[in-house]
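Here come two complexes built around chain A, the first alongside chain B, the second alongside chain C.
Our next item is the complex of A and B:
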């Protein structure tokens, strides 16, 4: 028992989240048929408290394995925690007005959000593949529920079912992969696996390990929406509540990436032919995502395909991990990319739901005609987010891409970098189309009134300022991230 | 070190744009504010111009601060001006207020956004010319796309969206590859300082070649060099008159500036390696642009294609890599800014009156618009290179430079380019004749009003400088001479060629024989063997 108390302190953020999650669900029961604002506020308080815990815990990085070596307590992972929390806070904040407008104001949404984040925490920090799997399932099941939140709507149901079935497939793949790895190495703990593979180099080329790794990578590819495992992404992103779509495109991907980095490093997959496989995945993911986005008429689908492309760019950084000279850089660039993407993507999706109007149907890009005359502020903000997504300096999207490319060139993947930058030119076209429609097309006569509550606008302005300021002064954000990677010795561990 | 005059020049327009953002939507107020800030920027650049020491080759008024540092990557806020950039900076600050004046009446819609974008654009362009840090340069280079894109896309003609998007994507393709090269250079040399890099870059030719090509593509699209010019006619035709003036006057110069500063300055060996293909493209551009101009029915298209031709001259002069050629190239950039900018203003005046740019609609205008005829005449003659006006100075120097160039070592380029001068006279004079002379038979043309005071006000300064450069170019060329000499010297030393200043002077008298003997020296040179065997 005496051992248990210090142990639980190591996972204080997770415990806090779980407690608040239950409290939120309970509060929702008490507030039957009334406004759900208190529920949302409580969950935001919960997220902030957790953030405090995370900062406290990682202020002096422990950099060790805790809880019988099932959890990694590393400041690099702490940065991912902060990313998830930031995304969750924004999601809950924007959802208050969104769910009210759509008259699907269920308090469960906020409770489930807390469990989604809890699941992400568990999976991101897992050292044991089983712990990881539990976290993944916790996150996924909570997500399946809220993806289908608009339960009377066709698209929403389609999205939930599709996500559930595809997600289950992916989970099964992962589980099978984990089982095989256990069979080979005799452990599910990553550090032991790493040690085993270090001592038995001959296993590295065994077909069984190859099969298990392929299963694992396919599972991750599903979760990350990498081509060719991306088919579910546009439908699910389209059908899910828009605020949740933004969350999924940033945070869920972030969680999967965090685990992917850990697994790749510990399974020694950042060398040899695996790098080639990841490179190919990166190239086709970027290219297919961008080319498919060109043809989309629905802004949510467009952003969904573009998020596939962005995952491809991040994968470039993952490939760059393979070169020890650049692995630290690559690790920081992944985090910075996700952070920048968080700001731009939440901005874009939030404006998308505002413009869509009541009933949530106006996601056609045609709807943006003449927005700059009707709502100059909204149009201006959207333009900033779009230019940032393109990667125009000095916005944060540029700095994010720049660092990924820098890491890749440093790791001598020059051809890959060239393909990536050319891809980012393809992306110009579809992002610009939104700007063109807003600024250069004449407004249509009809067009419902856009209701934009002032707190949402204020938050959007803050996001736009973040996009600009983190672009001009990226070092402020990077210091924290770099601190987490260099002090944490995360990349030297394996 | 404090923020100095260069920051003031660069960011005054941006400050103006921010002030305008918070102003009420009253056109008069907005226009005046924009004018004040643009003029203030011009005045500060004038102060800088007068304080500039022509005898110094290096950077002056340097401002250098740490900007941000991410990991091992260190970016500085580093501005400076030397002989290569000072004239372009002056051109930018000089043209912008004139362009704002020309939009006084012609822009009616969304004045606030328009003025903001114009001022924003000025900051971007000035930043490109003044940056001494590669990343800072890249940021300004890219950011100026946004205002130009909006200016074409919002205030442009019927196919404005197509033109705006085409402009944006074309430029992006070139510049992203340049970004990869910038990163590569940083990883090699751990510095982004443009002045330092020019001195220390020393890579094997087969690596340098690729870097050169990446930079070259970015700038060649911007210039534009044949066959990458197809965005230009679209952008020009669709852009509103002030947009065309800025586009032709300054934006295209960013490309030629980049060619000189980076392609030639950083990678002289590759410039030497690729000299022949580039010269061929340049002369194709000269003749092709001129021939296409000859058959245009739309006046704006005619001027747009004439830009392709004129900038071909600039490229030919720059890649001659001798003092005369580069000096000619630089002064020709300014000339082109003045005269082509002026021609676009002229076309704009006609268009505002008749809402058509078809040459066939006009004839005998000189009778109804005598003052206009005078200004048109002067600017047209300057564009075709009449001695006594500015165009002649640039073209003459370029032709002389390319003829005597150790780089080209072949008079054929000069000869073909010379025909471009003749063709220029043909298309411009023929155009002038069809519009201004002949019978005044179209009823609509009889009632045309002559130039207003406002129009005269923004054309006179242009004509003044056209004549000034034509009669006494030393005022301007002396500013760039020291820098260009030093640059040529450095390149010749690196390539192991003979002292250019001396050789140039000898070549004045007996070019042909001397050139041959130079090429003999060159054959022995190890660096250049691969080239010669081709």
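Our next item is the complex of A and C:
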């Protein structure tokens, strides 16, 4: 017992989240009336308390491996934690009005959100592949439930079952890969695996390891929505509740990326032919995502394809990890990219749900005709988010792309960088089409009035300001991220 | 006495049967069963390797995976019932409303 008590303090953020998650579910049962605002407020309080714990825990982690070496404690992972919490707080905040408007005001949504984030924490900080798998399943299963939240709607059902089948299919691939790696190295702990592979270099080229790594990478590619494992992404993103779509495109991908970085580094995969495979994945992911987004008429589907393309850009940074000269820079750029993407994507998806109107059906880009005349403020904010997604300076989208491409050039992947830049030129077309529709076209008919509650508008303005300010003054955010990459020597561990 | 290779071969065969089943079968419940088959083939590999390495990590992993598989089935069947209530079908080919 005396062994266990100090250990539990090492996973204080996770414990806090779990306690608050149960409290939120309990409070929801106690509330008889229709309003779910207290439930949402309690979950936001829970997220902020957890954020405090994360800062306390990760500013200067005392130990690197805790809880019988199953959990890794690094400031770099702490930054990912903050990203997940930021995304979760925004999701819960915007969902208060969204779920109320759609009359699916279930308190379970907020409880499940807390468990999704808990699952992300567990998987992002796992040092044991089994711990990672349990965290992944905790996240995924809670997500399957809330993707199908609109339970009487066909779209939501279909998205949930497709996500469930593809997600558990991918999980089975990952699990079989983990089983094979356990077979080769005799352990599921990443530090022991790294040590074993360091001592037995001949194992690196054995066919069994190849098979297990292919299984692992395809599992991750499913979760990240990389081409050719992306078929589920547009369907699920279109059918899921819109606030949750924004969350999935940023935080779920962030969690999978954090683990991907750890696994690639500890399995010594950032060398030789694996770099080629990752490069090819990055190129086809960017290209297919951008080209498919060109012909979408539904804004949610368009943003879904564009999120595939963005995953491709981030993969460029992952490829750059292979060069030790640029690995620190690449690690920094992944976090900065995700942070910028968080602001602009939540903005875009929130405006999409406001414009869609009651009943959640107006996601067609045609609906944006003349929005600048009907709702100039909303149109202006949407234009900022779209310009940032394109990557136009001085917005944060430009800085994020710049960081990633800089890391890739520093790691001397010139061709890959050129392809990535050309891809972001293709992306200009479909983002600008939204802006053009808003500003150049006349409003067709007096459609439904767009109801926009003032707190949502205030939050959107804050997001737009963040997009502009982090684009012009990226140094504050960069300093924090660089501090997290350099302290604790995350990238030197392997 | 079974050799490690034989057990691994069996688990690989089971895994491939599961993958093929998920891809070619159209009934949601059969697809769910095939996913369970894939998870259980991984369990078999874990047990075989645990015996080979003479350590318990693999056997403990199996218990966790079994628990996770049970949770997955619970959520999966709930979703399938939901689909059946709304559409009166559990055939995956009938789920074609989302497309662009």
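We take it that the second predicted complex is superposed on the first by the 492 of 494 C-alpha atoms of A that agree within 3 Å, B and C clash if a C-alpha of one lies under 4 Å from a C-alpha of the other, contacts with A are read in each partner's own complex, and residues count from 1 in each chain.
Basically, a contact is a pair of C-beta atoms (placed from the backbone, for glycine too) under 8 Å apart; a residue touches a chain by one contact, two chains touch by 3 or more.
What you are looking at is a predicted structure, and each value in this text was computed from that prediction instead of being measured.
Of the two partner chains placed by the overlay, neither chain B nor chain C lies in contact with A:106.
When the two structures are aligned on the shared chain, A:196 is found in touch with neither chain B nor chain C.
By the touch criterion stated above, A:186 is placed in contact with chain C alone, chain B being left untouched. Of the two partners chain B and chain C, more residues of chain A are touched by C. In the superposition on chain A, A:428 makes contact with chain B only, while chain C stays out of contact range.
The residues of chain A shared by its contacts with chain B and with chain C come to none at all. Residue ranges on chain C touching chain A, taken from their complex, read 8, 11, 15, 18, 22, 28, 31-32, 35, 38-39, 41-43, 45-46, 48-49, 52-53, 55, 57-58, 60-61, 64-65, 68, 71-72, 75-76, 79-80, 82-83, 86-87, 92, 95, 97-100.
The residues of chain A lying in touch with chain C in their complex are 130, 133-134, 137, 141, 144-145, 148, 151-152, 154-155, 157-162, 164-165, 168-169, 171-173, 175-176, 178-180, 182-183, 186-188, 234-235, 238-239, 295-298, 301. Residues of chain B that touch chain A in their complex: 68-73, 138-139, 142-143, 145-146, 149-150, 153-154, 160-161, 164-165, 168-169, 172-173, 176-177, 179-180, 183-184, 186-187.
Contact residues on chain A toward chain B in their complex (touch as defined above): 328-329, 332, 387, 392-394, 398-399, 402-403, 405-406, 409-410, 414, 417-418, 421-422, 424-425, 428-429, 432, 436, 439-441, 472-475, 478, 482.
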